[in-house]
Amino acid sequence: METATYLASLGFKTTLIEKSGQLGGKIRNWYKLFPNFSHSIEVFNHLQRGIDLSDVVVKLNTEVVAVEKMNPGFVLQLNNSEKLNADSIVICTGYDLFDARLKEEYGYGIYDNVITSAELEKMFASDKGIITKSGQPPKKIGFVHCVGSRDEKVGNTYCSKVCCVTGVKQAIEVKEMIPGCEVFNFYMDLRMFGMHFEAMYKKAQEEHGVNFVRGRLSECAETIDGAINLKVEDTLLGRPMKLSVDMLVLMVGMVPSEGTKKIGSLLGLEFGKNGFFKSRDQHSMANISNIPGVFMAGACINPITISHVFGHAHSAALMVASYLNNLPIENRVTEVV
Amino acid sequence: MILSGKAAIWKDYQKEIADDRYFYVRSCVRQNFFPGAETTFLRIMREELGKDVYEHPCHTTCTGIGYHSDVVPIDTMMTVVARQFALMTESGYENLVPSCITSFGIYTEVLDTWKHFPEVEEKVRNYLRKATGREFQIPKNLAHASDIIYKFRSEIAAKAKYKLVNQITGEPLKVVEHIGCHYSKMFPSKGVGGAEYPYVLVGMIEEWGGELVDYPERRHCCGFGFRQYLVQANRGYSMSCSHKKFESMEPYKPDMIITNCPGCPMFLDRWQYAIAEMEGKTYGENGMGIPVFTFEEVAGLVMGYNPWDLGLQAHQVSCEPILDKIGIPYKKEEKYNGIKGKKLGKPEMPVKLKCC
Amino acid sequence: MKNFGFTLSKSYEINLDKADRALVEKIRLKEPTLSLCISCGTCSATCTANVHQNTNLRKAILFVNRGMNTEAYNELKNCQFCGKCQLVCPRGVNTRNLIFNLVKILEKEVNHAV
Amino acid sequence: MTNLYELLTADVRIQEGLKACMNCGTCTAICPAAGFYNYSPRKIAETVQSKDETAIKELLCSDEIWYCGECMSCKTRCPRGNAPGLIIMALRSLSQDLGYFTESEKGRQQLAIKRTVGEWILDYGYCLYLEGVGTDLHPEQGPVWDWIQEHWNDHLERLGANYKGTGPGILRKIPEETLVELRRIFDVTGGTERFNRIEEFSEIKARELGLEFGEGTENEYFRHVYSSNNQKHSRE
Amino acid sequence: MRFNIFVLPFFLGLIFILSYVIRKFILWQSQLLAEDRRKIRKGFFSRRFLTASKEVFYESLLHRKMFRINPLMGYMHMSFALGWLLLIVVGNIESRLYNVKEINLPYYPIFLKFFVHDKGDIPYPKLFGATMDFLLLAINVGLAIALFKRVNSRVLGMKRTTRMETVDKIGLYSLWMIFPMRLMAESSSSAIYHNGGFLTGTLGHAFSGLASIETINYGFWWAYSIALGTFFFALPFTRYMHIPTEVFLIYLRNFGVSYKNNKKVMEQVDVHACSRCGVCIDACQLSHAIQANGMLPAHYFKAVREGKVKDKYTLECMMCGRCKSICPVGVETLEIRSAQREKIAPSFEKNRTFQLPASLKTAEVAYFAGCMGHLTPSVIQSMKTVFQKAGVSYVFVDEDAGICCGRPQLLAGLNDIASELQKQNKKRIEETGAKTLVTSCPICLNVFKKEYKLNIRVLHHTEYLAELTETGRLKLKPGTETFTYHEPCELNRGLGIRKEPNKLLSSLGNFKPLEESLGGFCCGGSLGGIQLSEKERAAVAADTAVKLKMVNASQIVTACPLCKSTLKRNSDVPVRDVAELVAGQIV
């Protein structure tokens, strides 16, 4: 949305193709944003306002089914049998959430009170609040970090970047909604890389007494009363530890989205070994694909935070502009050392 | 518990199981402690299902217990395993069916290692050649005896005289399943249902009318731990593991335990006795313990075989209460007879654990 | 009861459900910065008492948080109270007051238990 | 002196079982042994990958490496696909090859296992020998086992066994030529050498401890390693 | 014998207060150790008695210290103490002259002017009249100041002062009433009998002619007596108990009664001797930096006296000793605090094992960096350079596996650990056979000097460096930098070591000292402050840093590793240790 807005306001005829029925993608799934707990809807409204102000053509419920490479430009065949000529394409296919069922030992989809971070966000927003299957507010909640990230068993060796801080954010939100609730975060490393993230972590400890346990959850099992028994090592003490929680939240990581795979293969874009798009250069040409005229922005390149996505969006817009004005700066040739 | 979720996982872990011409390899533990089980397995396979199960008189242990208690080096183990393969190859069979879970694990591990380290396979081939002059081919199909019974569970159900149902209440029996660690913990894809929610025994339970009881410590090891049991000084650990499981399953009031490993049923049976005599604590109804069976025994029971031919008299925890529940008739006085009704006396009664 | 030459082993696990966590709350009231510890180990690294005897504030804090009070006491009973840890702590944990109160409260508990 | 780390990594089980460990603790969390012993597979992996020779030597001489039950639950869970259980097996092999195993109470027990399971393999073709497991060494086997021990011929006959018989069947007699093959395999693959080392080092240790050392199970040293437990292995 | 019913309030009050105070003193001294009781008995007949009495005169009557701190306050206190005493003394003499035959009960001189009217029959009646009036005037002026102070304490240079409870107020107001009432009583008497001096007489005239003058006069005498009575009855339960206690304390101190072994009693004597004048409150940095309250000495000692101490207050104090230096009574503020800490201290492991490295080599000098020293390696490095350049053979006692000196434990009231650690260190130090022990840490120095009883010289590195330069073993080139000096509490107030560092500093460059009556501030890092958050410490440090900055020097120099590391985190002026300067300027 942001890229489209900027391109349109720069005077380019811009069409925004959205697979689903509404714009905004995943941002609508989140309730509040780290680290300042602002409502995600504010960010969405900001984006929407941009679209409203600029004359971007928005095509909802639309998918690209085929792409024809012309010289120059592309012809996009849409599912509504419409054809669309484009001089340049920006791909913003985002990410999918890791399917927690693949971590069988965590019993997602089997144990009643094992949920994902995304589902917890929905609970935050809902008027029922945070409740277990039995409809009670939980007395104890566990957050498992790195679910589907840094895990060769499920084929994702990378860090999804946002889960650590989301885990801390959600821990705080839970504490704010149910002050009496004991919260345990099970982590391997807490990667509070962003500005104010560490402060949030400190807040969680200081003001909310969230318990941080260094150790990856190994297995959990449902007890006769529907609680979840956890087995984890308190690695900082080197002792196995067991405890039961009323609700277990899995901090699911990011995986390349279906859209990414699809459009990627249609266009013949290069994928990195983790299945995300491969940039021409990780540092200097993150938005630039292997195909001239095709640019990328956001979580289709790698796991990324909302704030960084905006940077991507703006830079992509700039790339397109320079490309369409035949200022092929992105084709700078520098010898590789 | 959302069963559909489990079912989904079970679907993901279906393995290929040969349907005939098996090369059967016996188990050190099962032969000694549950000979009736192996007899029953062969009886069902050959007489009920008419399958070709071949047993080579010269086959031996896979040395698994020795290997896992570290007195047998890996090369030695692999070469002994290779010898088994050789016997199979020589006898013209391709489908290996070990009776033992440790063996099954050993075979799986060896094959996997050879896949990743071909030079190791080469080395072992040379060893075998050097030691015995034998050659071998990698088995085409490797399945544990419980996999086979699982494969034919519905055929067995079709012929079954009894169901795992409480004949008085009409309720399905609550059955706890215990999978040998080496069945799928090392290689989840090699076991029916994988490592977290193995289906191999659940399939039988469901097919034969029982109801699965899932409990927190279901996945926990019985505690054999090889050297941990073999040496008396360590046995406390071994017993404590089973104890942990009993404590965890107790609230669910299970009617019986079914296992696919030769060792586990022996331990789960004997530790109930030891815990009772040592701690005064008994599980199950009326201080009689929870009866523990091998999958072959359970298959035999539903087929309506005479419990004493299955060898249930070799269990320390009496099986009579469960037989009554299912409604399987038995002659009390014949329990401890030898062949042709020869009287062999009776085992002593334990102090704490009630027995029939 | 019959003697088998072996017995049930005590569990080595930390059981948080059974842990007595009232104490840690008591201590947190006396010194709130207790909850700021991130187990970085700077304290135990600089600690001279740790050179002479096993004295590990990082572990002690974890132990109380797990309700393992005796263990926590044993980690601190040889503390020299020199205050080096306080100067190096990156999280501004007021270690001396923490130790002072921790040991004070724990010694009661522990001696009581013994 | 020989580099222990290299000796270890020569073992295929280390190559299989130890890629870079990130100390997440999933292994220790479900390890049955860690539940009762002062033991953590994570630490084992950490020590080995530290390449710290002194630490590794300590490990080889310690009780620690003998706590594992080799159930391999650790392999199922490791997010890096490691298997501490396999690392342990490599450590135990090395500890026996270098004779460090007699330095620890648990390690010394290897003799007891060799004298039973080990020798049964070569004598009877199986890891277990019915007549070897009486309730004297295995009291937990209970009265039913006494009864079986008393009547094994009739008992086994009724259950369709071929006890000590020729041809196939339960507990049959393993043909001599088969046992010869087994022994040859042990000879060429280092099995026999392993047995001999266990015996030699145990005898040395027995002398050190001033315990009478002899064949079979009826001697001081065997009794000692089989049943002594200093109770220092679990929670103090 | 002359008597009138109105004297009773005073008379009973007097009997009460005397018996109370005497009982108290006897009780206290009985709780002292036998040896100290002996000291007292001897003391009375030694020169110490005289010195003590002198001190009593200077401090309890003249209030010399008070004058130094603030002349007005000084006068106020003096007028009350000395003025009143003289009033009594002179009054007694006068009464004796009037009355030779009859028994002279204590109330007689006090109410003399009620009983005696004609002034003819004694020598120099005018002189007596004048003197008495003068004293009365002096006191009433003091009183005026006191009243004024109540209204506006800041004018008397006190930012914060003590709060009062009802009983205090009763005490105070009755005290205030005494002298005006006496004035009025005597004046009204003189209105009737014309026997007043320059003051009472003049005032008398004003009254004369009033119809009901007798009744008024009688009323005033009653009021006067009641005021006295009330004051006496209230006294033990108010701050005014300090009046007798201070005297008692001065004698004990001079007789050499040690605090150390009599903490229990001495603590009580001290807290009773505290007049709650409140000068300590302003001296305490915590009172401004973190708005501390309950821990402030004057308030805290009240709590101790009433047995209502809060652990928090016991543990907050930084033990910087500023209050002790300023206290006009000389209350052992730090001793009281550590005595209280001992009471609440937890018990650590008593018998400890120490894995010490191989025994130390022998050398001329034993150097002890201290735990804090190890956190400022630059200081250690500088000392090493100095030793090496000066060709001193030295051994680094706590180079590795150092044991804490024991001071931090004493500060926390953990005496057991302290002595345990001291034993170990003493062994280590003695085995070096060194003639001199040099430490960089004033905290360590304090115990080395006071507790260790080492039979070798114990020097702080400033002292030692000064010595090296004087003896010429170390040649320094003059520096050009301007710097000020942050005096470490333990070095200055703790041990009174000021000469050497100052001398050394002036030789090192353009030294601009910080003019501060109490000898500098606390850096805030103090190991004495146990229940102080990092924020609070930072506040103190900032407070100090600002004051140091105002000196306008390009560097702050200090002589304590703890001060250095604390200050440098809170000051934008660079902070260095003397040793670093010296090491940098060796020729």
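The chains carry the letters A, B, C, D and E, assigned in the order they are written, with residues numbered from 1 in each.
In this section, a residue touches a chain if its C-beta (ideal position, glycine included) is under 8 Å from a C-beta of that chain, and two chains touch if they have at least 3 such contacts.
All of these numbers come straight from a predicted model, not from anything done at the bench.
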Both-way neighbours, i.e. chains that touch subunit C and touch subunit A: B, D
Distance from the mean Cα position of subunit B to that of subunit A, given in whole angstrom: 46
Chain centre separation (subunit B, subunit E; CA means) in Å: 86
Whole-Å gap between the CA centroids of subunit A and subunit D: 49
Whole-Å separation of chain centres (CA-atom averages), subunit B against subunit D: 22
For subunit E, residues contacting two or more additional chains: none
Multi-chain contact sites of subunit D, meaning residues that touch two or more partners: 30, 34-37, 76, 140, 227, 229
For subunit C, residues contacting two or more additional chains: 2, 4-6, 9, 11-13, 33
Touching pairs among all chains present in the structure: A-B, A-C, A-D, B-C, B-D, C-D, C-E
Subunit B-facing residues of subunit D, complex: 11-13, 15-16, 30, 32-33, 35-37, 66-73, 75-76, 83, 89, 92-93, 96, 105-106, 109-110, 112-114, 116-118, 121, 125-128, 130, 133, 137-138, 140-148, 150-151, 154-161, 166-172, 174-175, 177-178, 181-182, 184-191, 194-195, 198, 225-229
Interfacial residue positions of subunit C with respect to subunit D in the complex: 2, 4-6, 9-13
Contact set on subunit B toward subunit A in their complex: 1-2, 5-6, 8-9, 194-197, 214-219, 251-252
Touch list for subunit B against partner subunit D, complex: 26, 28-29, 31-32, 35-36, 38-39, 55-58, 60-61, 63-66, 68-76, 78-80, 83, 105, 113, 116-117, 120, 127-128, 130-132, 181-182, 185-186, 188, 195-196, 219-221, 223-228, 230-241, 244, 270-271, 273-274, 308-309, 311, 313-316, 336-339, 342, 344-350
Residue numbers on subunit A that touch subunit B, as the complex places them: 101, 104-105, 107-112, 219, 221-224, 229
